[in-house]
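Chain nomenclature is as follows: A, B, C and D, assigned in order of appearance, with residue numbering initiated at 1 for each chain independently.
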Amino acid sequence: MIKVEFLGPISKPTMELEASNLKDISEILKQDDEVKEWLETCAVAVNDTLVSSLDVKLQNGDKVSLLPPVCGG
Amino acid sequence: MIKVEFLGPISKPTMELEASNLKDISEILKQDDEVKEWLETCAVAVNDTLVSSLDVKLQNGDKVSLLPPVCGG
Amino acid sequence: MLELYDGALDVSAIFDKWYKEESKSNYGAFIPFVGTIRDEDSIDGLSFDVYEPILESWFNKWQEKAKESNAIVKMAHSKGDVLLHESSYIAAVFSPKRRVALEMIDEFVEDFKASAPIWKYDLKDGKRVYASERSTAIKGSGLLA
Amino acid sequence: MLELYDGALDVSAIFDKWYKEESKSNYGAFIPFVGTIRDEDSIDGLSFDVYEPILESWFNKWQEKAKESNAIVKMAHSKGDVLLHESSYIAAVFSPKRRVALEMIDEFVEDFKASAPIWKYDLKDGKRVYASERSTAIKGSGLLA
């Protein structure tokens, strides 16, 4: 199982999904009306490292995080 | 009389000179071997205001200051 | 040196600590940037969520980058609520020479604003409202869209 | 706010004072620049001469300029001797917005270096030696040559 967590203002509890790569995650999240609107503006981290390609392979126990637009300071 | 003061590292006591403008001051200081070497790198203030022209008229009691290269901080 | 605090920062205490920590390190220039909550838009304050694991790796990359110029960076940030006229952020660069410090504090603060995983909320009428208008999508966002 | 002190600056005390002075002024960004004497070239420290009347008019012009951007500048500098690892200079900008403060602190510090009527001497082997190599002729120099 892959853990998908939603950071900051996305008020959505962590999900557990079956997926072998980020493309699978993308397909599943696009079906979720609450999450869908965030996908365009969210960065993605796998196991706390930001990634820039959908081809990232996922293994059982991996964590995918969605990071919405930031504003520190 | 015009008071001419030498600031910072120029080790020269204040002079009292007869002069009606900065051109006169320049002519007199060029004769002074100790001061001559500083003229090229010194800025000039009249009554504590920096000036950029030799045409400045001087009146009895005016103060001319020579400011050598600076390095604050 | 990345420090997170609950609520407002004790700015003078943090400044004093950092200044003393590097007092013998032979840095000629030390430039802190202090961010303070402004009274505007009828807010009562701001509130912050911080995602520490990615903030730490972002900060560690900056520490490496600073090292290449013989400089160091330090940072303190608030978690949770910070009220009007209190401070939530201090960033600092120490370097041997002033040009490095002047350029790096600018770059560091701007990259922080664009990349650090921190989310800001307005505290208004007893509610905590995500400051979406002032927020910036992290570079590479939209991967899953 | 131009402050001159005999000898080294009490940096943390000055920082704390300035921070508190503006704590309710609604400035979002506060950037101090702290200059500290580096151990180099076998010096024991530095020493400074300051010509106050022209320093004050230089500083007042900067205060006017800062005002146009709704910002303010502050500055403290040492007169006389300052030893290794002690600090001789603090400049600071307060402004509502960070971009103004980041750009102004750079401009202010660079103009200070090029224009402020302060002369620096190395303290070395019990002597006070004018740092001519590191000094900059004020713009317009050479008028009397």
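Going forward, a contact is a pair of C-beta atoms (placed from the backbone, for glycine too) under 8 Å apart; a residue touches a chain by one contact, two chains touch by 3 or more.
All values reported here derive from a predicted model rather than from experimental measurement.
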| item | value |
| --- | --- |
| Graph separation of chain B and chain D (steps between touching chains) | 1 |
| Whole-Å gap separating chain A and chain C, where each centre is the average of the chain's CA atoms | 25 |
| Inter-centroid spacing, chain B versus chain A (mean Cα positions, whole Å) | 72 |
| Computed distance of Cα centres, chain D from chain A, in Å | 49 |
| Per-residue overlap in chain B, given as positions that touch at least 2 other chains | 73 |
| Overlap residues in chain D, where contacts from two or more other chains coincide | 35, 98, 109, 113 |
| Touch relationships between chains, expressed as pairs | A-C, B-D, C-D |
| Complex interface listing, chain D residues touching chain B | 35, 48-51, 53-54, 57, 77, 88-89, 109, 112-121, 130-132, 134-145 |
| Of chain D, residues touching chain C in the complex | 11-12, 15-16, 19-20, 23-24, 26-40, 85, 96, 98, 101-103, 105-106, 109, 113 |
| Residues on chain B engaged by chain D in the complex (per definition of touch) | 7-9, 22, 25-26, 29-30, 39-45, 48-54, 65-73 |
